[in-house]
Amino acid sequence: MAGGRGGSVGAMPEPLVPSTGLGVLHLFCAVAPLTDRAAVEAAVKSAEADDLQVVPVAVLGHKADVAFMVLGKDLWRLRAFQSAVVAAGLDVVDSYVSLTELSEYAKGLPEQMAQARLYPVLPPEGKAAWCFYPMSKRRDPEQNWYALPFDERKELMMEHGAPGRKFAGRILQLITGSTGVDDWEWGVTLFAENPDDLKEVVYTMRFDKASTEYAEFGAFTTGAVGTLAEVLDAVGVTG
Amino acid sequence: MAGGRGGSVGAMPEPLVPSTGLGVLHLFCAVAPLTDRAAVEAAVKSAEADDLQVVPVAVLGHKADVAFMVLGKDLWRLRAFQSAVVAAGLDVVDSYVSLTELSEYAKGLPEQMAQARLYPVLPPEGKAAWCFYPMSKRRDPEQNWYALPFDERKELMMEHGAPGRKFAGRILQLITGSTGVDDWEWGVTLFAENPDDLKEVVYTMRFDKASTEYAEFGAFTTGAVGTLAEVLDAVGVTG
Amino acid sequence: MAGGRGGSVGAMPEPLVPSTGLGVLHLFCAVAPLTDRAAVEAAVKSAEADDLQVVPVAVLGHKADVAFMVLGKDLWRLRAFQSAVVAAGLDVVDSYVSLTELSEYAKGLPEQMAQARLYPVLPPEGKAAWCFYPMSKRRDPEQNWYALPFDERKELMMEHGAPGRKFAGRILQLITGSTGVDDWEWGVTLFAENPDDLKEVVYTMRFDKASTEYAEFGAFTTGAVGTLAEVLDAVGVTG
Amino acid sequence: MAGGRGGSVGAMPEPLVPSTGLGVLHLFCAVAPLTDRAAVEAAVKSAEADDLQVVPVAVLGHKADVAFMVLGKDLWRLRAFQSAVVAAGLDVVDSYVSLTELSEYAKGLPEQMAQARLYPVLPPEGKAAWCFYPMSKRRDPEQNWYALPFDERKELMMEHGAPGRKFAGRILQLITGSTGVDDWEWGVTLFAENPDDLKEVVYTMRFDKASTEYAEFGAFTTGAVGTLAEVLDAVGVTG
Amino acid sequence: MAGGRGGSVGAMPEPLVPSTGLGVLHLFCAVAPLTDRAAVEAAVKSAEADDLQVVPVAVLGHKADVAFMVLGKDLWRLRAFQSAVVAAGLDVVDSYVSLTELSEYAKGLPEQMAQARLYPVLPPEGKAAWCFYPMSKRRDPEQNWYALPFDERKELMMEHGAPGRKFAGRILQLITGSTGVDDWEWGVTLFAENPDDLKEVVYTMRFDKASTEYAEFGAFTTGAVGTLAEVLDAVGVTG
């Protein structure tokens, strides 16, 4: 399986790219007895050389050992990174597929903020506490987000953003869209200074009407962002 | 296991075919250490020689590596393709069974459009972004699709089709019926030019009353359609 | 494991039999590298010699490769068949336990029809399209089947039977009871001439009030009924 | 792993026992290629010598091969039995942890009946049909058992017991408490003369208001109680 | 994989610590054929030398064999313990990530009690019966905890604490926060004298309005706290 991964890049099919923004692939991997540290390092280096961003995370608990949050334009190239990671002996045990986006409530955003959402540069400095969770808006007969008029949804989203702004210096939040491409409608990635910031910001927002009445959450995965070497050390992938 | 798959085709039982339309089998496969590229290629070639259509997809994320969307008349022949794929060393980790159909709301459709639904020719040109998801209509006490009169259902379906028509050039949507044959009532396969078209069309339709109030969705699987060689390359099945 | 399965039949414990009707065991099996075709054939032959009925089905998709629907009086004998199948190298990946029954709504049924429900002879001729699904009646606060008076339930069941009768020549439906013995309240096995009959009959019945408002469905498994040889050929168990 | 299990019993920690009644451990086990019949027999013998009751059951279907229902005072001793069974090569694939109890509705029960609930002697004679299922009381906004006053709950429980009494000769029912110790609030174990008694009693009780409106059920596992030798024979663990 | 775990501690990344309180990692582990008792003992000893608290538990039933409840400041160090346990041959089959906290309803708590919640010393003496479960507050349209005003929530929490106080001598309860870091909003760990105390306290609290109407519970795992040697003996990890 695999082998000359790097060498075959030149032969890849015509790029499959979003019309704006980036593809985002969260890969949650388990270390296995034959995981090859040098091959993992080579896979990341080759991806970065090819204009992908790769954020490595040491995950706490049974859900995974290493997470890679990978961003790039071409879906074929994202898939090539996944195949290289598997060829290096990691098992991909979970994942999330999404795309960066400007939400319909963020139309008038200043250009710089819009760019930061469509083309984020990750990871941020000094924010090693990390979590990821997917979410959808509720469609219950009595509380149906999609049955609300646009103005009401926009107002709820503005209110919802307020506590986020309160945490602005301590938290970087990236919301990527996944309606139609994965099981939930959005993926949320948080980077924070301290682990309890993750808890505090999500707990605080749970009292916003947009969350209280209209949000459904998937599984939460938590870990520590580091250099690739730090992360591989932490999860026991020795040289 | 298996071995003379091809040679035994002549001995297959009496064909088991739908009275109109085609059987559709979505096979989601994981690559394994012993996956044999030549055997996968032979399985696809043999199926195509036998009047099956086979669409290969490189899947993003942990759900699968390769998806095959297979269409054909005879269920025994569809199953033979599955067995050949397994004999080639792929693990079938998920699947969906459905049948092409003309819905009850599409009775007066022009013959050519009816034929395109019952006997589609796949994959479409220039639409390499792909996703599949199953769905059902809701049967909640307060929002029960099956308790609505036909005319109301028909009207909701017409409205629901409108955004689809807006995306017509960029998206090919194939809805196949699975009530009674798999866990959801329909399977939806989308082919798009860009990955964000998949997201935009599904997000847009979520505001149609037919989706907002009456749709339940299963898991979404996303990938890139290519030639079999491109797909096998991308997922690391080398020669 | 196992070995002299057949030889130990004489030493089996006192039969454990329903006071009327038959035990029914649906076994969903995956083929494994060491599956032994001759041993599978011997297990079926031994069961049939011992008054069990065994219906083999080639299953489509990942849920299983082969299904055996087995009917017989003695639960110990049904279990012995399961053990023999495992000893032959098949993995039992799913199953359903039920009992034939005359429902409380079928008290005055003509003797011949009652016998056909309690002691069915399977498989029917010329109906190779097969599916199985379990179901329960809903117990929601607003739609609670068990809170309805008997007469209302009976009337709903009569109405529910009507479309079934419309399909009578093309479909054989066997409903077996599983309240208290498996996770759902009934198991439904359908045999049809064409695969789309399965879809049409289940879709049509979904508009009956008994289904629309009161039915909950489990997973649907679909396949093709054949001779044991045809089924083993189709799923790649060669001699 | 393990080895001198029996010899280390003397060194076990201070007993961990309920203040009244017994600990109950339902272990659902799968036979594996290296299952050692003699070691299973020794594990059961050693447990019985140590004042545990062990009821072996041959399970029908994929959920397990053998179930052991084990009752005893000391949780450390129950765990030791589990470890011995694993050391004998069985895989523990499911389980249920509970405690015998006198419910709050059974305060004035005659001493003998109270003892039979707290210190049951199992299995009963001539009742080889067996099933187990866990259950909880519903806490829906509209039907919330825990929001009812004690007297109303007591009345519903008395009514609920009535059909049980109708089946008294044919069924032995043991309800053990698991709130706080396993995923559901109670475990229900039934022993019956005929397999259809299991179905009839559970179906009949489903029409009691306590079940109709307030019960939620987990998975049902069914099998045949026998001697250890009969059970091991039935599931293919040969000497 | 791993190997010189201990030796690499000096090279660990900058500590990632909560601004107050401790990180808490519940690791649920299965024993495997190659589990190395000495390596497990060394992992625990090394963690304790490094200011982690490690509580070992022998788990009853299939969910796990050994649980480690681990508390410490630095998430990297908690992850290092997990990696050391895996390197010792245990499989981490489940886990829970949380943080000690003072809830918003406990602001005026005496300093000593506040410290006991933020920096607990575990395990308590003479309380070997143990269980863990996660929970969240309900967000149903009709019963939505997060839509209640603070004063009403505080009053419900005070009432909810009352039965807990009744059990004060027999039960130690530690509630840790996990909103944003794991799948539920809180983790609850109970230590009790007798196993039936676990059942009685949770059953009693289920009648508090805060639980009856607003609590959702995850899976409950039960076991016996002991010394590491007692626990490893009990689950069959011999020297």
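In this document, chain identifiers A, B, C, D and E correspond to the written order of the chains, with residue numbering beginning at 1 in each.
The rule we apply is simple: a contact is a pair of C-beta atoms (placed from the backbone, for glycine too) under 8 Å apart; a residue touches a chain by one contact, two chains touch by 3 or more.
Everything quoted here is computed from the prediction, not taken from an experiment.
Visitor: Among all the other chains, which ones are in touch with both chain B and chain C?
Guide: none
Visitor: Name, by label, each chain that touches both members of the pair chain C and chain E.
Guide: D
Visitor: Could the interface between the copies chain A and chain E be described as same, meaning over half of its residue numbers are common to both, or is it different?
Guide: Different: when the shared numbers are divided by all numbers used, the fraction is under half.
Visitor: For the Cα fit of chain A against chain D, please give the angle of the superposing rotation, nearest 5 degrees.
Guide: 145
Visitor: Centroid of chain B to centroid of chain D, CA atoms only: how many Å?
Guide: Those two chain centres are 45 Å apart.
Visitor: Rounded to a whole Å, what is the gap between the Cα centroids of chain C and chain D?
Guide: The answer is 28 Å.
Visitor: If you look at chain A, which of its residues touch at least two other chains?
Guide: Residue numbers touching two or more other chains: 142.
Visitor: Based on which chains are in contact, what kind of graph results: line, ring, star, complete or other?
Guide: ring
Visitor: Given the touch rule defined above, the chains close into a ring; going from chain B first to chain C, what order do they follow?
Guide: B, C, D, E, A
Visitor: Name, in rising order, each residue of chain C that touches chain D in their complex.
Guide: Touching chain D from chain C are residues 1-5, 8, 11-14, 16-21, 23, 25, 27-28, 75-76, 78-80, 82-84, 86-87, 92-97, 99, 101, 139, 141-142, 144, 146-147, 177-183, 185.
Visitor: Spell out the residues on chain B that touch chain A in their complex, using ranges where they run on.
Guide: 31-33, 35, 58-63, 65, 128-129, 131, 133, 140, 142-143, 190, 194-203, 206-207, 211-213, 219-220, 222-224, 226-227, 230, 233-238
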